[in-house]
Every structure is written in C-alpha cells, then in structure tokens.
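Here come two complexes built around subunit A, the first alongside subunit B, the second alongside subunit C.
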Partner chain A sequence: MLKVFWCILTRDITLALRRRTDVLTTLFFFVIVVSLFPLGVGSERELLRLLGPGVVWVAALLASMLALERLFAADYDDGTLEQLLLAGQPLSLLVLAKVVAHWLLTGLPLVVIAPLMAMQYSLEPIAILVMMAALALGTPVLSLLGAIGAALTLGLRGGGILLSLLILPLYIPVLVYGAGAVSVSVVEIADTQPYFSLLGAFLVAALILAPPASAAALRISME
Partner chain B sequence: MKINWFKYASPASFYPLAGQLVPKFAAVAAVLVLIGLYVGFFHTADQLGGSNPQKEYYRIIFVHVPTAWMSMWLYLVLAGWSAIGLVFNTRLSFMMANAVAPTGAIFTFLALWTGALWGRPSWGTYWDWDPRLTSELILFFLYIGYMALHSAIDDSRRADRAAALLAIVGVVMLPIIYWSINCPDPNNCAALHQRSDPGSIHASILIPMLLITLGFWSYSFATAFMRLRDIILTREADSAWVRDMLLEARADTGGGSGTSSGVPAGAGRGAV
Partner chain C sequence: MLEVLDLSCRRGDRLLFSGLGFELPAHTLLHVRGRNGSGKTTLLRALCGLLQPDAGVIRWRGEPVTELGDDFNRELLYFGHLNGIKADLTGLENLRVAATLDQDPVTDAVIIAALAQIGLAGFEDLPTRMLSQGQKKRVALARLILSKAPLWILDEPFTALDTDAVALLEALIAGQVASGGAVVLTTHQEVALTQGEIRRLDLGPAAPQ
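Here is the complex of A and B:
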C-alpha cells in the first residue's frame, strides 16, 4: 500500500516538474493578489498591518482553489483516472497521494513565500513565523477539502467557477482561525495556542474524512 | 400483516398522493400563518411594543425567526433525503432533496432580508456581521452551491448523486463553520453573545412564533410536493404511466365527457 502511495506521489511530482509553469502560475497568482491590496486600500502602515493576515489568507484560499482544477483534470482527460479506479487498490489512498503531491506543489510554495508577502504588510517577525506555521497547517486542509469539490465537478463545463461556489464556503473555518492566529500573535504570542490546536484538529479530521469522500465523489463522476 | 414500506418510494405511486396532499398542506399553511400573524400583531402581552411604541418593529421576529428556523431545518431535510438516496438508491429520495432545496434557499434569503430590516432600526445598519446573520449567509451559499452543482450536470443520475454527496459534506461542515463564525477567538468563547433560552420568551410571543413556524413547515411540504410532481413528470416523461396519464387528461379536457378514456388513450398511443 505504501508503495502505491509513493508511486503516485512521485509520478505526480515528476509530471508537474516537467511542466513548471503550472506550479509557478499558482505562486504568482498568490503574489499578485496580495500585492494588489495595498494599491486598492492605500499603503498606510497601520492599516496594512491590520489587513495583512486576512489578505494573505484569502489570497492563499483563492490560489489553492484555482490550482484544484488541475488536480484530476489531466488524468481524467487521458484516461489515467479510470485506470486508477480499476487498479484494485484503495481509492482513498490513491486520492490521498494525489492530494499530498498537489499540496507539495501548490501549498508548500505559498508557505515558503508567505514571509515575503508578510513583509509587504510590515508584519512583525514573530507574526511572520506564526503565519508560516498556520499556513503550513491550514493549506493541506484546503487541498483535502478542495479535492472533494474537484472530484464532483470533474469534466463539467465551467467547472472552475462552479468549484469555487462549492468549496469556498467550506474553507471558512480555516480562514477564520488561520488569520486569527496571526492577528492574535501581534498582541500576545501565548494566545495563539488554541488556534493551532484547532487548525491541527481540522487537519487530522480532514486527513481521515476527506479522502474517502473524494473517492466516493470520483466514483460518482466516473460511473 | 405485511406492510410494504417502499410502496410510496416509487414515483408512480407517490405522484397522485403528492397531488392530494398539496392543497391540504397549503390550506393548513395559510390558516396557521394567518392565525399566527393575527395573534402576533394584536394579542401579544406587549412587553416591548406597548410601553414604547418605537419598538413596534420587533414584530418582524414573527416572520424572521420562523424563516431562520425553517432554513436550517430544510438543509437537514435536504441532507437527510440525500443520504437516504445514496444508501437505498431510491430515485424519489433524490427528487425530494431536489424539490426541497429552492424552498430552503428562499427561507434563507427571507431570513437574511428580515434580519437586515430588523437590524436597520435596532442597530442602525442593515448589515453588521452579526454571527447569526453571517451563518445564514453561509447557509445560503451552501444552498446555492447544491443547486448550481445539480443543474450543471446533465446526466440526472450523476447530478443527483454528486449533489447529494455535496449536501452531506455540507451538513458535516456546517457545525464547524457555524462555530468558527460564532467564536472567532477561541480564547474567550464564554463571551459568546448569542444566547437563546426559549423559556425566557414570553408565551404570548412564543406561541405565534411557533404557529407561524408550523405554517411555514406546512408551506414547505406544499411547495416541495408541487415541485416534486414537476420533477417526477420531467424525469419519467418516457415511462408508460406518465404517457397514459397525460393521454387520459387530454381526453378528459378535450374530448368531452361522453368519450370513454380507454379508446382515445389507445388511439393516442398508436400515434406516439
């Protein structure tokens, strides 16, 4: 079973690295959205410091959602997905492998570049660390939940915009506590602990519940 | 005695039953809502309104609270029928879920609207990111997502099952979303400002509220069954019983009372 997991993971990553633009587009989308806000709301430092955590998180939400379309699309088009469904291996595991690969390619780069974005909003170093940690815990949840939506909208006309309608409301808890942790860290760092507990709990719950749900959605879409 | 639990799980046998139930539920709804509104407007103890005429606007809760209750309850109904449909593979359950969704969305919208109308005089603003109203807004998005997904898929079997799965995911996520909106700061959730204790509501206010809720519930049955009949007819348009029924109806209206229904039905079938 681990072998299958590893096999899918390396395959997806190899494929993506052969076509790096896909990965980079998501990253630059994130950078552009975050950079646009100061142009729109004005560049007063106090205001930006207040807005920063929320803006970075909303941009991360949108970036990870845009990338979701590609999670199953290529495999669906060339028939690989059907073979995966017929493979005789637990489909949840295969889905989990694909989601992990997807997160490594789209979520992790966001975590890495977040400090740069946070500096645009003149956040404190400690807040930047908290933001990275919160994104590292939160973005996998986004990928896991999003996989359900990506599987449900597989092959539909206008699937991307529909996907946002289905999935964005489900992202709210991660947004609230992810951005909340960063805002609170500015005031009192010890207060961030319950936020991280909650984000961790979301991650564990999503790891257990989301892959079977995505697998069921894939079966519905492919039958 | 053996009971056939699944008799009405077949669209063909439920269609006429739904037709008989629609006017009954509609009548009950009208009566209950009218009584509820009458009591609510003219026979409350007037703890708020009487002493301070400026506070008469509070009476919007007789519509606002029942719509909010119904909007939440109907999402549970929607998810429940979706789950039953996925478990037992019964087409009618999916159709029922599908028929309930627009009514639920309308109640959610009305709850938001009446909430805004109440917010204007009492908070001085139509929208205040009050946790209750925000949760209703998210619920509205969930209804919209369900209906959008269902209508985006052409194949009705896939549409039913995909939307059903989405409804179940939504019902699992709803408490978490609700909680995160109500308690954005986990360090002091005790300060939750949302506290409702039904016992603290005066009976003269609670009773009309409950009457109207029951009326809206009845209304939901009526509209859902009406919509269900449309859905059944659309989906089963090719089946024999729908064809026979339509031909019979055509014979009754067009052919006059003298013709027996058997002959034109047979002739019609030949033409089709």
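Here is the complex of A and C:
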C-alpha cells in the first residue's frame, strides 16, 4: 500500500520536475497577483496592512485553481489514468498520492514565498508567521477539495471555467478563516487559536472525505 | 474463467448490443470482430469495469466482477487505444511504475530484458516522447511480458506495429493462452494459435432504434 502511494507520489514529482514551467507558472501567477494590489491601491501603510491577508489568500486560491486543471488531465489524455483505475489498488489511495504531489508542487511553494509577499503589505513579523502557518494548513484543503472538481470536470470542454464555478464557492470557509487568522493576529496573537483549530478540522475532514469522493468522480468521468 | 450473461450497452441513445452472452474458459482466446462503431471497444471497457453496462452480469471465476472490485482488477491486464505510458518518463520508469501498480515488483534488470525482448534494447533510458509511435506501443506492450495477470483484454494491439513486432505480439498472446490464461482481443487481422482455442464473437451493426 505504502509502496504504491510512494510510487505515484515520486512519479508525479519526477514528471513535474521534467516540466518545470507548469510549476513555475502557478508560483509566478501568485507573485504577480499579490504584487499588483500595492501598485493599484497606493502605498498607504494602514490600508495595505488591512488588505494584505485577504489579498494573499485570494491569490493563493486562484493560483491553486489554476494548477488544478492539470491534476488529472495529463493522465487522462495519455491513458495512464485508465491504468490507475484498473491497477487493483484502492483508487482513493492513488488519488491521495496525486493530491499530495500536487500540493508539494503548487501549495508548498506558496507557503514558502508568502513572507516575501507579506512584506509588500508591511505586515508584522508575527502576522507573517501566522500567515505561513495558516497557508500551510489551508492550501492542502484547497488541493483536496479541488481534486473533486478536477475529477468531475475531467474531459469536458471548457472544464476549466466550470471547475472554478464549482470549486471556488467551496473554498470560502478556508478563505474566511485563513485570512481571518492573519487579520486577528495583528490585534492579539492569542485570539488566532480558534481559527487554527477550524482550519485543522477542515484539513482532517478533507483528508478523509475528499479522496473517496474524487475517486468516485473519476470513475464517473471515465465512462 | 470469464462468463458474460445477457450483457447490453448503449452509448447515448444508441443501443450497441444487447443480450450478449459468452463464456471464456482458460486456454482460450476470444476474438471480438465487428465493423467500426459496432461496440467492440465499449464491450472491452465494460468487461474490465471502466464502463457500467446497462444490463447483464459479468462473472470472473463464478463471482460477479462488481463484487470482486479490486481483486478482479489485479487479475486483469487492459491494453487500450491509449498506450498508458508517460511521455516524460523513460521506458524503464514507465514499466517500473506499471509493475509497482500491479504489485509484482520486478528488478530493473528484468525490465531491461523485457524491453530488449520487445526490440528496444538501448532505448530504456530515453524519455518515451523521443520514440516513434510504434516504439511507444512496444514500450506499452512490454507490460505483457512482465504481466502475470491471467486475463488480458487487448483493444487493437496490432495497430502501428511493424511485422517483427506483430509476430512477437502473436507469440506473446499464444504464450498466454498456452500457459492457461485467457485473452480477449479486437483486431481486424487474423490471429493464429498453436495451442488452445480461438472463439469468435461477431458484433453486428447497431440495431436501429
């Protein structure tokens, strides 16, 4: 079981490293969107500090959305997805391996680069730490939820737009509590704990529920 | 081994076949024939569970495949129109992944030997996107050499292959049948077996609704 999980995980990471542009576009998209706001609204510190958490989170949402379309599409096109379905392994496990690889390649870089982005909004060091922690808890939820949408819209024409319409509303709770944690930390660091508990709960729920749901959606899409 | 009862499939509004039944014991090859669009691929996909038939039962060793689930998939090797190999991975890496998924891990030496047998010696470390159509197909067919699955379902395996590869593939299929496996196959060419039995199944033109 673990061997199969590891096999798919390393396969997807190897593939992505051989096609680095796909990974980098997501990251650059995030950097550019976040950087555009200070240019647009001016350099007033208080205003930026207020906007920062929300902007970074919305950009992270859109960036992870951008990468989702490719999660199953490449495997679908070359027939490897059929082989995964017929592998005689629990499909949810294979899906989970793919989602973990996807998060390592598109979610983790956002967490790492977030401090740099936060500096443009003159956030306090403590708020930056909270933002990184919140992103580290929240972006896996985005990948997991997104996998359901990616599986459902697989092979559809204009699937990308449909995917956004389907999945973005589901991202709202993560956005609210993720950005909320950062905003609250500016006032009182101790108040962030409930936000993290909720984000953690989302993550656990998504880890348990999303892989079987995506697996079922994949089976429907392959018909 | 494989038993199909009263199977019917439709694509959209079109009924492709209905009331289809056959039995496939060990040492047998089933050659599915029919015109383009007669439902050959649909039948094969239904057999391996990629597609839900509208009616009918498929049994494997007496048990319905819907209940067997992953246990049936482990006994099955499906080779579809798409090769199912990653263009950015080398032949060796592709086959290593396939072997791990089939849960019979093999050493790299075995994979390299299989690739050499299929005529790709020296190509094992090249990303498969650098290979020709026929060579890609050969990489995918190397899975047949490594596979221990008793049931092979092959959809048009002979396309894009040169005469050498066709002969090799025929030998592999014959070997599978001789060793007690079963093969379901669609192709527009004749297949010969030295041992075992060939059964033919003709899918007629789709009945007008």
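By definition in this document, the second predicted complex is superposed on the first by the 223 of 223 C-alpha atoms of A that agree within 3 Å, B and C clash if a C-alpha of one lies under 4 Å from a C-alpha of the other, contacts with A are read in each partner's own complex, and residues count from 1 in each chain.
Here is the rule we use: a residue touches a chain if its C-beta (ideal position, glycine included) is under 8 Å from a C-beta of that chain, and two chains touch if they have at least 3 such contacts.
Every value quoted in this text rests on a predicted model; they were computed, and no experiment measured them.
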Which superposed partner A:180 touches (first subunit B, second subunit C, both, neither): first
Partner chain(s) touched by A:204 [first = subunit B, second = subunit C, both, neither]: neither
Which superposed partner A:223 touches (first subunit B, second subunit C, both, neither): both
Which of subunit B and subunit C A:158 touches, first, second, both or neither: first
Touched partner set for A:90, first subunit B, second subunit C, both or neither: second
First (subunit B), second (subunit C), both or neither touched by A:18: second
Subunit A residues touched by each partner, larger count belonging to subunit B or subunit C: B
Shared contact residues on subunit A - subunit B and subunit C: 223
Residues on subunit C engaged by subunit A in the complex (per definition of touch): 48-52, 70-76, 78, 80-89, 93, 96-98, 100-103, 105, 127
Touching residues (chain side subunit B, partner subunit A) in the complex: 138, 141-142, 144-145, 148-149, 152-153, 158, 161-162, 165-166, 169-170, 172-173, 176-177, 179-181, 184-187
Residues of subunit A that touch subunit C when the two form their complex: 3-4, 7-8, 11, 14-15, 18-19, 77-80, 82-90, 222-223
Subunit B-facing residues of subunit A, complex: 148-149, 152-153, 156-159, 162, 165-166, 168-170, 172-173, 176-177, 180, 184, 191, 194-195, 197-198, 202, 209, 213, 216-217, 220-221, 223
